[in-house]
Amino acid sequence: MLGPGVAAYLVLSVVLFATGALGVLLRRSPLIILLALEIMLNAGNLALIAFARRLGDGDGQIFALTVMVVAAAEAVLGLGLIVAVSRQRADLDVDRLTTLRG
Amino acid sequence: MEEFLVWLVWVAAALALLSSGLAVVLFSNPFYSALALIGNLASLAVLYLLLEAEFVAAAQVLVYAGAVVVMFLFVIAYLGGQADTAWAGGPTLQAVAAVVAAGAIAVEVVVVIALKADERLSDTAEVGEAFGSPGQIGNLFLSDHLLAFEVTSIVLLVAAVGGVILGGAMPRARERGER
Amino acid sequence: MEALAWTALFSPAAAVVAIALAGERIDRFAAGVLAAASTGVSFLCSLVVFVVLLGREHDDRSELSTLWTWLSAGDLEIGVEILIDPLSVFMMLVVSGVGFLILSYAVGYMHGDAEERRYHAYKALFVFSMLLLVQSGNLLLLLAGWGMVGLSSYLLINFWHARREAVAAGKKAFVMNAIGDATFALALFLVIQRVGALDFETVFADAPEALGEGSTVAVLVALGLLGGALAKSAQVPLHTWLPDAMEGPTPVSALIHAATMVTAGVYLIARTSPLFELAVDVQELAGILGAVTLLVAGLVALVQTDIKRVIAYSTMSQIGYMFVGVGLGAYGAGLFHLMTHAFFKALLFMAAGVVIHALADEQDIRRMGGLARELPWTFRAFLVGSLALAAIPPFAGFFSKDAILSSAANAGTLGWILWAAGIGGAFLTALYTFRLLFVVFFGEISPFAREHLHRERFEGPLAMMWPVAVLAVLSVVGGLLQIPGVWHAVDTWLEPVVESAEEATGITATFSILASLAAALGGIALAWVLYRRPGERPAAIRRRYPWAARTLEHKLYFDEAYDAAFYAPSSRLALWLGRWIEEPLVLRSLGGLATGVRDVSDRVAATQTGGVRAYVLALAMGLAVLAVVFLLVA
Amino acid sequence: METTVLILLPVAGAVVLWFAPWLTPRAAGGFALLVALAELAFWIGTALNFDFGSPGPQAGADRVWFADLDVAYRVGLHDYSLWLVGLTAVATAAAVGYGFWVGRERAGVYLSLLLFLEGATVGVFAAQDLVLFYVFWEAMLIPLYVLIGVWGGPGRLGATVKFVVYTMAGSLLMLVAIIAAGLQAGTFDMTSAAGRGSSTWIFLGFAAAFAVKAPLFPFHGWLPDAYRESPPEVAAVLSGVISKTAAYGFLAIAIPFYPGPAEDWRVPALVLASIGLVYGSLLAFRAPDVRGVVAYSSLAQMNLILIGLFAANTSGYTGALLQMVNHGLISAALFLLAGAIERRASTGQLVLLGGMARGRPVLATVLITTGVIALAVPGSSAFAAEFLVLNGAFAVGWGWAVVGAIAIVLAAMYMLRLVSAVLHENVGSAVPAEALDLRPAEVGVIAPLVVALLALSFWPAAITDRLSGALF
Amino acid sequence: MDEFTAPTIDWAALSPVLITLGGASVVLLASLFLPPGVRRGFGAAVAAVCFVAAGAAAVALFAADETGRGIVSDAIRRDRLAELAQVLVMGAGLLTVGVSYREPDRVERAGEYWALLLTAASGMAFFVAANNLMTLFLGLEWFSICLYVLTAIAVERLPGLEAGLKYLIVGSFGSAILLFGSALVYGATGAIGFEEIAAGTAEGERLFLVAGLAMVLVGLGFKASAAPFHMWTPDVYEGAPTPVTGFMAAATKVAALVVTLRVLVTAFPGEEELWTVALAVIVCASLAWGNLAALVQVSVKRMLAYSSISHAGFLLMPIAAGNELGGRALLYYLIAYSAMSVGAFAVVAVRERELAAPVTLGNLAGFGWERPFLGGSMALFMFGFIGLPPAGIFLGKIYAFAAVIERGWTWLAIVGAIFTAISIYYYVGVIRAMFMQPRELAVAAGGSPPPDRLLVASVAASVVVAVGSLLVADPLIDIARDAVAFLPFPVG
């Protein structure tokens, strides 16, 4: 295999994962949270594919492909929810979306 | 030489990946974030190619950049100014804890990788031409992972139905006026 | 014979049940007659049993009869059993005989009371309990009778339950008796532990070996029994309930608090003499306490103004004599005095009852006076009783008291000390007795008496008067049963059960008799001087020694001391426990815990801010911690 | 088989009542009373056929419930449990009769809960399987909770919470102990090895549940409120019967199965029970209301029973068992009387009561009779029992018996205070002149209890002779 | 290129999944053509039939399968564990049909609602059979996505949307963690199949495996709503339509816990000493957090949500024990618990419809006497949740405690006992509110809806299961034993 070893990819994927997590944890806009979640899933995908390469095994890639679909599905639902919430004239701010609490 | 080129590409892709990732998280305008995500996905696709996952890379670009992000952009456009939400503000407890937690998870795994880097992570399997090709993927999808393949379609279908319900026309109950 | 003894026991019980169940269907008078008749049956049965025993050999006069097992636990088995022997028959005769007279008297005395039936039922219950006490063949059943007489006593003392004093007096009597019951029970535990049984035969046979003569165990057993005896017989220091018990109707006082129940202590000591003889110190203590009591009671009686209370104190003091007697081992003398005392004290009470009856329930002697002319027969009866009480020959009290004193004189140093106390007591007895007699019957008729006196056909109802007459006769002749140096019918009869002390003879006896006679006559004389007619002299003495008068009027401050030492502290302790332990610690502890939990809960629930980022953070933190721990462990 | 009938008969009655809401209160009450009396009659039949000589459980049944842990529906009656079942039947019949007569709201539900409670209680006494025992143990709690919570006095809500939380806290620890014991033995069969051992922790687990429910001092925080706020007939059953289940637990499980730990913990237990005896007596002496006196006297009496049990000798056990029956009858009668008094004066405050004896001879007679038996006047069956208990305690150490003797005196003090405060002296301000004597129905309910006590006083050996000694 | 061999497809084994999925399609399509008036009835009927049929199929499979085996290239397993869980899920679905039939929101979204309900059940049926990390992930997402939509299906109600959005965000975060964990496990062992993971563990990189295990545990714990991963639960349960909440509480818990058991026991037997202890800690946290927070709740739904968190603790307890007894305990517990959850939320739904307002302890006053059957059933459920007879959870708790005690963790049982004691307070609070408090004036804003026979029947069925599971425990325990018989429990 050319280039850096699998370990480097893994490090990348972990850092990416953490970045995505930070996005979810720090942002108040549900849209950006959704984007960050996509990043997290993609970080997982990167890890899967890196491992698949190391193992020479196709399963990881298949896994990654299904994850992509799932990510898309989640995005669809997330966006649908955001639109529905916005139609209720509620703020698009997760910190203010707190009618349910306690 | 080839080795150097691969390294170069890798470094470039990695930098793009991380910086676009950060950009997604840091832009206060979701529109820019969504655009940054495209960059992120694209650099991921490059890395997939380096990992000899051609089909995945292609799918990545098509599915994500082509469909998902576009959907995001539509919604952002639909929402207009509503979509912008400012930052959470100063370093609240939540923010600090968030950084700590995310950092901790990252560091843990990185440490594991570092510990293991010399042992087995370096020896990589020899793979043939077909590895990661559409043919192989298709073969796997229709043999070993037939069910997974089918399930993804169900998930997509459900998501579609859900999207219709959530984002679709307002129910008439609303127009009739609430009780 | 056994059947007769059982009949004697259960006949009053049957009357109780009948009256209780009949309720208002039975005539009031009939209820009284039923109760009296049932006691009469007991007396007749006792009499027959007595005759039967008389016909037997001296050593063949004891019989045990068991009906069923009352209580059992493992090897311990206690039957419903009665012991028929000279001692119990002696007591049965006294109890049922005097009881019969007093119950008959009560039919007249209580006539017209709103709850007459209840009264008669209680009375019969008492007779049953008392018979159970004296007939019981084992210590536990004795204790049962012991407690039940206390119960009946309680019920009768507060019979007029609308009166606060009566209710308080009843409770006091019961609680003090309960103290005695408790020590009694403790003694029994010790006996069970050592002997393993409670029937008299086994206990007395095994006791010397199982307890050991003079051993601590024997002393403790005797002390426990003595505690019971002191409480029941109103001896110092457990005596304070008796004067208060005079709140009950007069026949009650006559029956329970003079003739029978209060003498149960004497019976107990006589009955358990084999145990007491293993602990002579305790037995002597009984004598000493008896002597103390007779002096204390005699002194306090001097200043009492309630006719019944005076007699009550005299009862205490006479029982003190009996305790001196049994304490010194002169059981026959003690029991003899018990019998004669039953006669004359019942007589006194009943005569007093006639007076009270005639004066519309007035008991304060300061409002009486000059009644001799108005109630001549009553006066005569009262006089007979007083003479017997003061031990003037040939009245009954003389012989029995003298027997005790001469036995004491024959019993060494301690005996002499007790003898001296007895002589002092004799003086006091004569003094307060005749004080009472003079104040009530002599002089001019008091204004109060003139106003309230209502004479019936014959000073009182006939039902009241004939028992008085019978008792008067007995008080005169009862003492002749046993004349020192001449014959000893009582001692002889009791001999199979209790050894009697040797009697003093010769010079000692004569000296003793003369001394006591002198003391009695001196007392009467002093009373004549002081109280023959209402005058200034007693008041002058009172002014001269105010502290003495006050002390005596406060009954030597026993009540106050007990109140301060026991009742008040326990009452305060109860309130303190309620306020500082029960409320805050026990009842509120859960509340406090709940409040604490609730506070924590509020905080826990408050973490649920509704902010989704916090939720995700919890997830992330959880993962971080989990992963760190996992990796460190791995 | 008979045991099963004894358990299921009242439960079946309860179910019928529960699902027959169309019954008029009268019909429901009559039916419930009939069931309660049938139970009593059946118990008498069982007792007549009982073989008192044999040690093992009798008239039982054994059907697998779940096999893997060897838990089964095992029931049967020992000679000692037979008496307690009888107590349950008598007290419940009285309670049902009283509830019927008083006319509770929603009578059908009310009485069906009482009957259900009876079935569960009988189950506790009859269970020969630890899990089954626990099932019945907890099943008692539910009807009690509802009975107090719905039909109780104004402070019922707080009282029920306390009652349930307290007792559950104890019984959950017992649950853990039961499981541990069963797993150790490989079976939950009480007649075989199950639950016998030397584990202190398991013993303490059992003891926790029993100590709370009995209650042993100082675990009685639930007691005053529960006894005060319950309807009188529920209080009667609660203090008369339910508390006995705890004493039964000590008697039949905790002490005989764990002799070693019981021996080790005897002194602390005796200390607590002795304190509880005196403490309860003192508080009863100062309690301001009728129920308070009865409640704290109940506490004292239960602690006395525990003294007898912890003495762990024949005399103590026999006395404790006899006293369990006695106290069950006594406190049932006293609580029903308290109810009768409160109905007339609409308060139980002693300062507002008094003088009720005048013109009410039946009330006075019944109350005094019960009261003097309660204070263990010598000659009563309560006296017989206390005598044995303290005799047993004396054998362990004289000090315990002395404390008990002190408590006898205190008992006289508080009981007479109660009797006097209700019946004697001046007529209390809350006592209306027109307040009636005990009605025939009340007499019909309470008198049997008192008659049973009197009968036992004549012949306490009726019970003490019929204990095979299997326990000792 | 490799030789292509099409896998054999075990249609029978897939039948519970396929029946429900097919039903969903039918409903979805039919709702396009049917007039609105009959949509609801048709959808409900189809759903009920499908649930019954799928449940029957699962029962038949359970009866037929002596041993388990992987099917369709080992992607999922056909075994009794999965089949029992499918029966429970279908049962919960069937009860939910009865409960939700008259739910006001159903009028507009009739078709989609039933289709989503069926699909969710289908996804769970698939999920519980998952035999590799990929099917695990997909199954999880499958039913999660359905539940996101179901939660927010009343799109005009902001609480529902808020709940849906929160659920989605937290759920996706959890999925991402699960995914990353799966990736690490895959990397460490080179396999995604559970048995292969267990087999590959020995040679694999332990550290990766352990890190992955932690992440998988979090992902599953999230779904089971175990503390500290539970925080979405109260909000989602409160915001979702009540019948959906009931379904989630019952079916999701069944699915998540069965899968947790399966994954941990089959894939990570070697790391037993790690995950058992971790689970024990999670159990304590769940018990503490759930019970304490429930104590101060006023809203009944929210209180029940916290109660479900505490029950997650009790349910994880036997898994933490890691022994066969624990497996039995878990499945037996789930039988009673799932029925009672649906039943409890059904009663809440009735009151909610009466009042047209969220149900609080205050406005429950008098309910017990107004509707004696429902009130009595609710009382039974509450007593049952405490762990009192005559509800099956009583035995479930005994088994759960027995499992940990057998493992030697008596302390854990004692912790359970203590928090059970605390839980009494709030469970009993419901009974108190229903039966013991005087009725407040004018609370019934929603009028008095006609008696809902279907709902009552569902509640009755819950009661039957709750009580029946105690009375006829032995067969059910045998079933539970059979279901876990093949699992390689790490602790003896």
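Labels A, B, C, D and E are assigned to the chains in the order they are written; within every chain, residues are numbered from 1.
The rule is short, and it goes like this: a contact is a pair of C-beta atoms (placed from the backbone, for glycine too) under 8 Å apart; a residue touches a chain by one contact, two chains touch by 3 or more.
Bear in mind the structure is a predicted one, so any value in this text is a computation, not a measurement.
Participant: Check every other chain and keep only those touching both subunit A and subunit B; list them.
Facilitator: C, E
Participant: Steps needed, at minimum, to get from subunit A to subunit D via touching chains?
Facilitator: The least step count works out to 2.
Participant: By mean C-alpha position, what chain is farthest away from subunit E?
Facilitator: Farthest from subunit E by mean C-alpha position: C.
Participant: Looking only at C-beta pairs that count as contacts, which pair of chains has more of them, B-E or A-C?
Facilitator: Spelling it out, more C-beta pairs touch across B-E than across the other pair.
Participant: In terms of Cα-based centroids, which chain occupies the most central position?
Facilitator: D
Participant: Using only Cα atoms to place each chain's centre, name the chain farthest from subunit D.
Facilitator: Relative to subunit D, the chain whose C-alpha centre sits farthest away is B.
Participant: What whole-number Å value describes the gap between the mean CA coordinates of subunit C and subunit D?
Facilitator: 36
Participant: If you average the CA atoms of subunit B and of subunit C, how far apart do the two points sit, in angstrom?
Facilitator: For subunit B versus subunit C, the centre distance works out to 102 Å.
Participant: Between subunit B and subunit D, what's the gap in Å when you average each chain's C-alpha atoms?
Facilitator: Centre separation, subunit B to subunit D: 70 Å.
Participant: Please tell me the distance, in whole Å, between the geometric centres of subunit D and subunit E computed from their C-alpha atoms.
Facilitator: Comparing mean C-alpha positions, subunit E is 43 Å from subunit D.
Participant: Two-or-more-chain contact residues of subunit A, please, as numbers and ranges.
Facilitator: 10, 17, 20-21, 24-26, 28, 34, 45, 50, 54-55, 57, 59, 62-63, 66, 70, 73-74, 77, 81-82, 84, 87, 94-95, 97-102
Participant: If you look at subunit B, which of its residues touch at least two other chains?
Facilitator: Only 88, 94, 98, 101-102, 105, 108-109, 112, 116, 136, 144-145, 148, 151-152, 155, 158-159, 162, 165-166, 170 qualify.
Participant: What residues in subunit C touch two or more of the other chains?
Facilitator: 594, 605, 608, 610-614, 616-617, 620-621, 623, 627, 631
Participant: Run through the chains and report each pair that touches.
Facilitator: Every pair of chains in contact is listed here: A-B, A-C, A-E, B-C, B-E, C-D, C-E, D-E.
Participant: Under the definition above, what is the set of subunit C residues touching subunit B in their complex?
Facilitator: Touch residues, subunit C against subunit B: 611, 613-614, 617, 620-621, 623-624, 627-628, 631.
Participant: What residues on subunit C touch subunit D, complex-wise?
Facilitator: The contact residues of subunit C facing subunit D are 20, 23, 68-76, 114-115, 118, 129, 132, 140, 143-148, 150-151, 154-155, 158, 161-164, 167, 170-171, 174-175, 178-179, 181-183, 185-186, 188-190, 192-193, 570-571, 573-575, 577-578, 581-582, 585-587, 589-590, 594.
Participant: Which residues of subunit A touch subunit E once you look at their complex with the stated criterion?
Facilitator: 10, 13, 17, 20-21, 24, 30, 33-34, 37, 40-41, 43-45, 47-48, 50-51, 54-55, 57, 59-60, 62-63, 66-67, 70, 73-74, 77-78, 81-82, 84-85, 87-88, 90, 94, 97-102
Participant: Using the touch definition from the top, list the residues of subunit D that touch subunit C in their complex.
Facilitator: 162, 165-166, 218, 220-222, 224-225, 279, 282-283, 285-286, 314-315, 318-319, 355, 357-358, 361, 365, 368, 372, 375, 377-379, 383-384, 387-388, 390-392, 394-395, 398, 401-402, 405-406, 408-410, 412-413, 416-417, 420, 423-426, 459-461, 464-465, 469, 472
Participant: Can you tell me which positions in subunit A touch subunit C when the two form their complex?
Facilitator: Touch list, subunit A to subunit C: 21, 24-26, 28, 94-95, 97-102.
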